[in-house]
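Paired with chain B in one complex and with chain C in the other, chain A is shared by the two complexes that follow.
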Partner chain A sequence: MVAQAFFVGVFGLAAIGFGVAVFRTASMVRSALALLFSQAAVGCMFLAMQAEFLGVLQIMMMATEMSIMAIFMVMFMMDPGGLGGMDMSHQKRFSIGAGAIAATTAISVALFSDWGPIFAEAPDAAMQTRELGFEMLDRSMLIFETAAITILTAMIAATAVAIPVRQPGVDTGKLDKENGDKEQEASK
Partner chain B sequence: MTPVLILALLTGAILFGVGIYGALSQTNLVMIMMGVELILAGALVNLVAFWRFLHPEVYAGQMFVLVVMTVMAVEMAVGFGVAIARFRAKGSVEMEEAGDLQG
Partner chain C sequence: MTVAIVLLTLLVGAWLLAVIEAWLTTGRLRPVAPLLAGLSHLGRESILARKPDRLFFETAPVLLLVVAVLGAAVLPLTPDLVIADLATGALFLNAVLAYVLVSLIMAGWGPNGAYAMIGGWRFLGQLIAYSMLIVMPITATAMRAESLLNSVIVESQAGLWNIVYQPLGFVLFFIAAMALAFRSPFDLPTAPGELAGGVDAEYTGVRLTVLRLARLVMLITLSAATTVFFLGGWQGPLLPPWAWSLIKTLAVAVSMLLVGYYLPRIREADLLGWCWKFGIPLALLNILIVGLLILVVP
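Up next is the complex of A and B:
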């Protein structure tokens, strides 16, 4: 129990530290990497809490997600390396206040609630995975299927939103070139 | 009251607060999404801690974790779709310039 508390504490501190670093660095790539490390530390917390399947899943999912996020950062940010020292934040005092109030409220609930009896032992990893499989394909099947359909719908919706709108019979490449030519003429 | 449960809940609470700060203070869409990811990470930590220390025999607790992970994946997919569309239309994903999206 002491070793478990130690590792949960260490990985928790790492998750918080990297989480804070996400918003403190000027480099967007570093932000994405800090978020990756924060999520990986959360996954390690799951492992320390003996939820092996969820821990491995969290680390694998977040490594992929954050790698994609880093690519998007480089694509879309005006200053992805942070060399210009741009400040891309607003309403800082309000945000700090809201974050502090939210965290304080959650901490108060954690500290002052009676959580009831605590289980010292967790089922072993193989049993957990087996029972989770039965849970997913039995009582929680509707939830599981709904989650799958939601992801599929989101993928289709995101692709549909990202594809440029094409008018029938119009080549958007030509349209873009014409618009560019018009802008150039207007600027002259 | 086990200290491990409290440690995990404190971590979740602070991650939630940091995520709220990030989601509210950043002007870039991708950075706002990072804040939301941290909020959901805080929720995940709490869910796993509740399952492990309060009801390890009820596997619906782990299903909750899978549902929140689904929400994280969906948020990323839709967020990046919106980011691409916005960047194509306006050349920027700065939300301070997105007043036209106001309802």
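Up next is the complex of A and C:
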């Protein structure tokens, strides 16, 4: 129990440390990967609390998600390497206030909530996986399906928006023969 | 003790595969060559590029090696010879293999070089192509075993190996595993002859040795995973269980090298197109077929 509490604490501090690192660096890739390791540390907290499936899942999902975020940050920021010493923070006073209020709320919820009876023994890992499976295909199915369909819709919509409209006379950015000829004419 | 045996197996396996790979490409069998090459790398200058992201540059090769070894840690060589037979073993393997991408992005971004960076981001595109083809076939094997324990997945193949029970899943997993290990024809992040080595380009000396070793260990881990999920793991007649595990793993690794030797490098766009237009529908079909078989055949 002591060892468990110790490791939960260590990984918790690591999560906070990496979380701070996200804003302390000017490099977009460092920032994204610091967020990844912060989330992976949260996954390790799950593992320390004997929630094996949730922990492993968290560690797995974050790797790809944060990497994909990294490439988007590199694409959209003007100084992705941070070699120009760009400052990412703004509205400092407001942010500090909002952060302090949010942290106080979270801590008071953790301290003053009625968490119910505390179980000394967690069910074994295989049983947890089984119970999670039943939970997801039973009570929580509607929630997960709704979220899944929403995300799928957003993905299809985003792809549809990104495809250029094919209309005669509209330049789609594609260098076909006809457009190429026109450009040559224009340059003459 | 188990840890020492597994690590030694991985090291010997890496040496053996390096010998075989050189034999395939040069036609000469030189058993000492990989050791000499490794030693000579240790003596060479470790060049550091200008304005690198030092943290990523140094971490990437080590992370890749750690990921490959951690993946091997959950794969049983015999019923007793496994470092950790986790209750979420099959999922854990997916989780650690996701960090191959993180390592390659670090290796690509770290040295501050154009070729390396293109190689690193290319692997992100490659992941979008192969990752579902790693997860879905493993899901189908776990469905048959009704467990995520890798040892139970092996035991579930006692009557019939998964390569016969779900051949579609095997083919997809084999291809995706090669893409994950960035082996030819999927060696887009390194792409010798096109990207001048890609993520390898700026690495020299000790760091390059670690990177190459990690890549070989990764090939062994993925071959062992193929053995566990589809080839019945340690099961087989006459020989002891560990021998079967080693023979099958080596056979898978060599077949991956052979396939890579005879195929030309695939284009990034083609890989993505084929994986999403054919691979993923086939993987879903595989899950459907396995589900029906489980329900219909007692």
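List of remarks:
Rule of thumb we're sticking to: the second predicted complex is superposed on the first by the 157 of 188 C-alpha atoms of A that agree within 3 Å, B and C clash if a C-alpha of one lies under 4 Å from a C-alpha of the other, contacts with A are read in each partner's own complex, and residues count from 1 in each chain.
One rule holds in what follows: a residue touches a chain if its C-beta (ideal position, glycine included) is under 8 Å from a C-beta of that chain, and two chains touch if they have at least 3 such contacts.
The structure presented is a predicted model; accordingly, all values stated were derived computationally and were not measured.
Annotation: superposed three-chain arrangement on chain A; chain B versus chain C shows no clash, the two fitting side by side.
When the two complexes are overlaid on their common chain A, residue A:Ala154 makes contact with chain B while staying clear of chain C. When the two complexes are overlaid on their common chain A, residue A:Leu57 makes contact with chain B and with chain C alike. Touching more residues of chain A than its counterpart among chain B and chain C is B.
Of the two partner chains placed by the overlay, only chain B lies in contact with A:Glu131; chain C stays clear of it.
In the superposition on chain A, A:Ser67 makes contact with chain C only, not with chain B.
Once both complexes are placed on a shared chain A, the shortest Cα to Cα gap between chain B and chain C comes to 14 Å. For the contact definition in use here, the residues of chain A common to its chain B contact set and its chain C contact set are 53, 57, 68, 128.
Residues 1, 4-5, 8-9, 12-13, 15-16, 19-20, 22-23, 28, 31-32, 35, 38-39, 42, 45-46, 49-51, 53-54, 57-58, 61, 65, 68-69, 72-73, 75-78, 88-92, 94-96, 98-100, 102-104, 106-107, 109-111, 115-116, 118-123, 128, 131-132, 134-136, 139-140, 143-144, 147, 150-151, 154-155, 157-162, 164 of chain A are the ones touching chain B in the complex. Across the complex, chain C meets chain A through its residues 51, 53, 55-56, 86-88, 91-92, 94-95, 98-99, 101-102, 105-106, 109, 112, 121, 124, 127, 131, 147-149. For chain A in complex with chain C, the residues that touch the partner chain are 27, 29-30, 33, 36, 52-53, 56-57, 59-60, 63-64, 67-68, 70-71, 81, 83, 124-126, 128-129. By the touch rule above, chain B contacts chain A in their complex via residues 1-22, 24-31, 33-35, 37-38, 41-42, 44-45, 48-49, 51-57, 59-60, 62-63, 65-67, 69-70, 72-74, 76-78, 80-85, 87-88, 92-94, 96.
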